[in-house]
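Letters are used for the chains, namely A, B and C, taken in the order the chains are written, and counting of residues starts over at 1 for each.
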Amino acid sequence: MTVPEPSATPAGSEPRPAGPAKPATGEPLLSVRDLVQEFTVRERGGGKVGVVQAVSGVSFDIMPGETLGIVGETGSGKSTLARAILQAPRPKSGSVTFRGTELTKLRGGRLLQARRHMQFVFQDPFGSLDPKWKVRSIVAEPLVAYHTGNGTARRKRVNELLDLVGMDPARYAKRHPRELSGGQAQRVAIARAVALEPSLLICDEAVSSLDVLIQAQVLNLFERLRAELGLSYLFIAHDLALVKQVSDRVAVMYLGKLCETGPGEAVYREPLHPYTRALLDSIPSTEPGAARASSVIEGEPPSPINPPSGCRFRTRCPRATDLCAEEEPKPRELAAGHAVACHFPLTEPPPAESAESTSAENGTARAAAPDGSETTSKAVR
Amino acid sequence: MTDALLVVDDLRITFAVGGREVRAVDGINFTVSPGATLAIIGESGSGKTVSCRAIMGLLPTGTAIGGSARLHGTELLGLSDAELRRHRGSDLAMVFQDPARSLNPTMRIGLQITEAITTHRKVSKREAQAQAIELLRLVRMPAAERRFHEYPHQLSGGMRQRVMIAMALACRPKLLIADEATTALDVTTQAQIMELLLDLQQELDMALIMISHDLGLAASYADEVIVMYAGKIVEQAPAAGLFGAGGAVRMRYTRALLDAIPHLERSAHTPLPVVGGRPPDPTALPRGCSFAPRCGYAEDDCLAKVPALAEHAPGHSWACWHPCENGGAA
Amino acid sequence: MAAPLPNVTLASPHPPPLPSLINARRLRTQRLGRALRLWVPVGVLILILAICFLLPLVVTLPSATSGNIIVNNEPPFSPGHILGTDVQGVDIFSQLVYGGQVAFEVGISVTVIGIVIGGTLGVIAAYFGGWVDAVISRVFDILIAFPALVLALVIAEGLGPTEMHVIWALAVFGIPAVGRVARGATLTIRGLPFMTAARLAGTRRWRIIARHVVPNIFPSIVTFSLLGLGIIIILEGALDFLGYGIQRPKPSWGNMISNGQQILSVQPEYVLIPSIALLITVAALNMLGDALRERWGTQ
């Protein structure tokens, strides 16, 4: 492993960004192309059962200052995608270009330098903090690792960071993680993540394990950091409403592929992919008696070891036809910045031989009626 | 008024933790009518799970429990193990949050269901097996006969939860308590399971208590909603009285919860109305209203005196000295 | 629902408190018990160590290796010989003291070697995985597969019966024992997010091992080592008893027992006294290990 070039800065001054200069506006901050990540699944004895392609050719861009939200359910591969972007572990194939540098080709010290501006916030606030370390050591760790400043400068910076995330350094700097609440622990993790002034923050279900009110506090913190530090985010979650709240653009992921990508409002108001529609319909709204039974999606997600041929969503899609089984739909842009991977996106009427159209004929309509008049008797009490 | 199925009266539960007393539940009352759906909403530490476990008799020995919980007139608190076993399964049953931990990983699921059946009914093995498969079909398990012989790890989260529900329904209980039963599931699976539970309620004339932190779930599926904070009920109303057009949320905490949830209708990057602080330390509850230290509208009387839960409007009770004026729709 | 009554209070804001669960006296007893379980064995061990290592520096003890045949077989509390003398007239108390030194020297050395070599190998195996882990684990497995005593016997026989060789012989057992514990504990830690977070923060691998892994596996290693120390002392005694370890006239608890075996029926104290010393030492070590495990919550 090559020793990284020391970027020691004189005491008190801000750390110099290492690596290539920030790309000019217009260039994406992060550019992911055809990313593929696999695991081998072994049975207990060690014999190989199969290969799971958790991420199967995912491509997207994040522009500087933008927040991209990725929403997906269990087995969608979204967490694997996040790790693959970080090269931890390295993806099987595809490219990840960050600030103009191709990360998949870098090793050791150079990868460390390039990755400095990309940081990660984990789902489990306590799991991501070493229980034996004090808060101030935890937050200072990246500063120490990149040889930023001397002891005094670092201590000052740690206090600044704790203030930034709304924790009083005098009270919290010398505590251990077990003396913190979930929300506080997550704030410490965030303070650590922004210590080196990253350009991109990847948040993997970062608020999912927090109580509702604490979750709101942390989300507001993310917004504040976005404004004050000019951060871009890759925000990963399974809650579509949450993702839409924090993101400029939203990508929907299913079984390793992106179904739909577009501006948050557009994806919400005019979803193009049937899966997006199903997700939206499944969200319980705070309107009692709303048309919630309109499109409860059938079936279970298929096993990622053996994904369906063609379009992966076809086994649960009311609009699936034979074409969907034969040919995998490629993403195409139907509106400004709004792309979908579907042969029969929702802007078109359901295809003739699909389940949706036949069930509509038979009158066993479980599909969404356009005027939302489908309500069950339960709604009326 | 129909004869209430479950009547909980002044339930109080106290634990001893590390030498300090924790008042987990501090005097709550509610009733559940047959076939009705009640949602108990609260965050962690509110006491919602503990109260239902007390009703089921699942709290560890050495917990001080006061008050009463009567199912069709029979007192449930303080029953012996043998008596509890008679009630559990046939009168009331519970489904938990994490099906992975609630199912025995070394036993086939069919066996676990038949075990639930034979505990309460004297039937032959073959009869129990037939009933178990019938139950799997009832919970809409695809390929029920095949799944009968499978192990929990071969099933997805949603399917495991269906197995848990099948086990809970084995003896047609009159009351089902679902403790965050869908929290660990994907939103599409959650919708399926909730639809299933509601259909089962109709088919089996079963009451349902759903415990959750998700107000949206309560609004969509419940008849009556109870909001708990720090061991007390702070607001209680029919769902229509709280949410949607015509609904009015009164207690400040409920309002804070509603505002803090991300809503699809909001545009991105709008700052969420935030309530600072954390839930109170249960060993050292504040003198006045438990929510007052965090409430943006707290006044002096809020900090000094505990507000009583009172029915200020027909069917709608709240415990707040300065409630929201026009609570507004969700 | 029944017609509502206006402003009916449904729940009293101040329900009367339940009978208190906290029995202050029982709590005090619990705390006392926990403290005793920790400090009593610590005290006993400090006392034993003081007697074995400090006492000879302060008080001149009669020789532990040579004795006057004339005063042999003296009973305990004879003048000049607190615990009496053995068949050859050697003072028993001195033998006990110097035998204790041997026991602890061997025990602590083996434990330290185990931690340093075994612990390091275990951590490396778990942290780097792959073929490194495979090789190291197989080595551990092979060493552990031999019955400890037999292995120690063979090595001691092969190398010759001195204290150093006993140490190395027992270390062959100690290294894989500690190594496996270290490996297991490191594997548990390795999957945790804070390890990934440390990598992402840019921390170099050796530093991660030193500052993240070691402090977190430390409790497991310590509790295991304390229990292991007791086992090593027993094994050492067994080796000496069988004649493969420390040889007479140099005293050790094991060879004292062996020596006294012959006249066990007539003068049992030659066997009893070193046996009791062994018992107390190992029991204290076990109690201490359990008390620490209780306190630190490790397995």
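The rule we apply is simple: contacts are C-beta pairs under 8 Å (C-beta built on N, C-alpha and C of every residue); 3 or more make two chains touch, one makes a residue touch a chain.
In this text, all values refer to a predicted model and were calculated from it rather than measured experimentally.
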Which pairing of chains accounts for the highest number of C-beta contacts?
-> A-B
From chain B, which chain is the farthest off, judged by mean CA positions?
-> C
Between the Cα centroids of chain B and chain C the separation in whole angstrom comes to 50
Chain A and chain B: spacing of chain centres that average the CA atoms, whole Å | 30
Touching residues on chain A, where the partner in the complex is chain B | 67, 73-74, 181, 183, 211-217, 219-220, 223, 226, 238-242, 244-248, 264-265, 268, 278-290, 292-293, 296-301, 378, 381
Which positions of chain B touch chain A when the two form their complex?
-> 43-44, 142, 156-159, 186-192, 194-195, 198, 202, 213-217, 219-221, 223, 238-240, 243-245, 247, 256-264, 266-276, 278-279, 294, 330
What part of chain C is in contact with chain A in the complex they form?
-> 192-194, 196-204, 207, 211-212, 215-216
For chain A, which residues are in contact with chain C within the complex?
-> 86, 88, 112, 115-116, 119-120, 122-124, 127-133, 141-142, 144-146, 189, 192
